[in-house]
Amino acid sequence: MQSKVFPNAASALAGAVFDGMTVMSGGFGLCGIPENLITALRDSNVKNLTVIGNNVGADNHGMWAVLANGQIKKVLASYVGENKILEQLFMNGGVEIEFNPQGTLAERIRAGGAGIPAFYTRTGYGTVIADGKETRQFKGEWYVMETGLVADVSLVKAWKGDTEGNLIYRKTARNFNPMIATAGKITIAEVEELVEPGELPPDQIHTPGIFVKRIFKGSNYVKHIERLTTRPRDSAAADPGGKR
Amino acid sequence: MQSKVFPNAASALAGAVFDGMTVMSGGFGLCGIPENLITALRDSNVKNLTVIGNNVGADNHGMWAVLANGQIKKVLASYVGENKILEQLFMNGGVEIEFNPQGTLAERIRAGGAGIPAFYTRTGYGTVIADGKETRQFKGEWYVMETGLVADVSLVKAWKGDTEGNLIYRKTARNFNPMIATAGKITIAEVEELVEPGELPPDQIHTPGIFVKRIFKGSNYVKHIERLTTRPRDSAAADPGGKR
Amino acid sequence: MAWTRDEMAARAARELKDGFYVNLGIGIPTLVANMIPEGIKVTLQSENGMLGMGPFPYEGEADSDLINAGKQTITELPQTSYFSSADSFGMIRGGHINLSILGAMQVAENGDLANWMVPGKMIKGMGGAMDLVAGVPRVVVVMDHTEKAGDSKLKHQCSLPLTGKGVVDMVITDLGVFEIDRKGSGVVLIEIASGVTLDEIKAKTEATVNYSKFS
Amino acid sequence: MAWTRDEMAARAARELKDGFYVNLGIGIPTLVANMIPEGIKVTLQSENGMLGMGPFPYEGEADSDLINAGKQTITELPQTSYFSSADSFGMIRGGHINLSILGAMQVAENGDLANWMVPGKMIKGMGGAMDLVAGVPRVVVVMDHTEKAGDSKLKHQCSLPLTGKGVVDMVITDLGVFEIDRKGSGVVLIEIASGVTLDEIKAKTEATVNYSKFS
């Protein structure tokens, strides 16, 4: 079989990208983003992109680079704070933003990958998010119809992957990556460790290889932390997880 | 916190079951079925049950016992072969069966657990399954609207579980169990190994503990094999997985 | 002498019950995690895909693959599990989280909530707020009673774009605690902050409130 | 001298392409797994939640937690992964499986397929068949050309209840191979089984078929 393995991000992206395409990219904030692929996407210089993801990077990091390079026409996201260039582009009409509630966005992507053209959710009923959308009652409650999303190319980041495309994510770096992996016509995965088939336990695989067309071992991960919060060793304060 | 752990199936089921209730039960054929809970359900003698699951056991095994005890009024399933009593009861009107395509059934259960009242699928369009259901076009293709399913009680079987209710399934015994765990008002899990929190790696948990209200260590697992197929050591024949 | 932020968080913590799974918003709701009453076990969900959120890491031990929905570095606990955003919001939308505590710009007497955008200002997005208020069966809002300019944030109707319609069950402000009926039967004052008078609350509240418990 | 079951399976195996993910139905389609051409890698999906299905286990090594959709004991391979039924049918419905090979009772010239029930007989259920034919972009049917009584199974219209409407792309029978256009532009005979005559096919086929390749 033709191998799914590529040497790096640029070669993995080659031939898959084009002007006007729709790209999905995994990650929550800067956690679990496909850093190498985003850089290669910027270097590809393809234009007029529609980008789907929870965020669009943050100042100087992640998908921000593609935005700053003037490649993005439209964004579907749930949160775009901490991104001054996007703010400017949005205000002056240079970029269109379609805001999606985070859970609706996640479910729309899952639906797109799972062959579900539309579904109903209570989220957003009675808000501007429902404007222009079909609303409907089930068992006395009102719901909004939302549609599935697919992409020309999906970019995901996993912790470990094998040469068959099987992926395992790590902690909260999983986030949007598993659904996005299912919703791309071509899904490209970058991993921190690329191993041989049989090294990933079959019960622990989060994304089966069928969804991944191309895979490579990423390098030089920055994994920038947006809000470093710590506690001193001698304190019980600043504890968001609470006492238990 | 009040413990989720019960000593056995009978105590775990106590107070959760009642006449006329809807029960979901995990498993595919006899693989991954909650054996101890099914026996306890039979012994509870609650009547007029609506049972949702891919199958309803097979002759002398699994949910067949509850059926044979006259407790089931209605079944939602995708396949009910190898079950003579069900065949008789269906033919003489003693049990109502609503056939669901297997993927539609799985998705309806997932939807029920995930707060999605309805979704569209191409499955069953133009067949008797679509009779009386809303059909609709998206991008030129026809789809059928299907609704989410929930249960009064969900019975699931996992390989390992911890006292917080976190579950890990094994191989194809996973099947319908994860979705069914999300769709019960009260979900009860039986496991082969019950461990302390921290013993199950957090990235490998298939069902987060939030979904499981009661858990116990099952015993005397039969794990009956419906179709034992093997190959002799000196043959390459009888190979459903093919050469590769 | 209205309630401080910590006192508001402590009051919100009294809404926690043993065994609850809870999602806490940013700001004052985050403080609730430090005020969980003795003998009560609460599991915190973070909507970016984690159940069983632990405290901030010790200095030097932060893990960039482990953040909460506020993008702060955190830690895991023995009971922690991770899952995808789709599974996380399935959990939320499906009503499995017992309680959501979050901040607000405005709450209306019919339970409407506004906390995600102000027309004319940069829109950052609603994140997971719309899903949380639509999916979680009990929603408690913790907010200042008034704007800095003195306008009541507990209103007849929200003037800002809504996050959710008929979704709030309780509002805890620096002046007191209000129960709201999502079905629209009204707002009831159930508690007055220490050092605050009923007249002060009446003067600073736009919403029609049932004050009968205190008059 | 029509094709045997093995010959039909071998012909179906020629529809496999390198890198394909394939779902095989029970009966003759199962035999296809033994006839994968040299140099081609095919990964088999089992809709009960497995990708990368291996051969039957050696005697004494069967694992009751590891079965295929036909409930036979099987084994795993190095590339195997397991997932839930919902994820499995998301994979199927989402069009990620390249090819489905399955049996049929009847196929109509517009691509309609019937293979799950006969009115008056006990209904066992459709299992995953309706999802597979609706979701997999290419569906190949392998079936006997006629009923035992001699009636053509390749028909103008299916008389049995449908499994899917306009879903079949190719039919391989013991007499030959037929391409079908799902959009309804007709059936084309593209191959005749060894030892079979065109006249025999014509005599045994109810569907309107384009025989131009052979006349």
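Annotations for the structure displayed:
A, B, C and D are the chain letters, set down in written order, and residue numbers restart from 1 in every chain.
The rule is simple: contacts are C-beta pairs under 8 Å (C-beta built on N, C-alpha and C of every residue); 3 or more make two chains touch, one makes a residue touch a chain.
Nothing here was measured: the structure is a model prediction, and the numbers come from that model.
In this assembly, the chain whose C-alpha centre lies farthest from chain D is C. Chain B and chain D, compared by their mean Cα positions, are separated by 27 Å.
Centre-to-centre spacing of chain A and chain B amounts to 32 Å, using the average Cα coordinate of each chain.
Spacing of chain B relative to chain C, judged by their CA centroids, is 36 angstrom. Residue numbers of chain D whose C-beta contacts span two or more other chains: 41, 76-77, 82-83, 89-90, 92-93, 135.
Multi-chain contact residues of chain A (touching two or more other chains): 107, 110, 114-116, 121-122, 169-171, 174, 202-203. Contacts between chains form some other arrangement here, matching none of path, ring, star or all-to-all. All chain pairs that touch, listed by label, are A-B, A-C, A-D, B-C, B-D. Chain contact summary for the complex, chain B toward chain D: residues 28-32, 54, 77-81, 87, 90-91, 97, 99, 101-104, 106-107, 109-110, 121-129, 159, 169-179, 206, 223-233, 237-244.
Against chain C, in their complex, chain B makes its touches with residues 1-2, 110, 112-116, 162, 164, 166, 182, 196-198, 202-203, 205, 208-211. Contact residues on chain D toward chain B in their complex (touch as defined above): 24, 30, 32-36, 41-42, 44, 46-50, 53-77, 82-86, 88-90, 92-93, 112, 122-131, 134-135, 161-166. Note for the complex: chain D touches chain A at residues 18-19, 21, 40-41, 43, 45, 51-52, 76-83, 89-97, 135. Only residues 107, 111, 114-122, 138-139, 141, 143, 147, 168-171, 174, 202-204 of chain A touch chain B when the two sit together in their complex.
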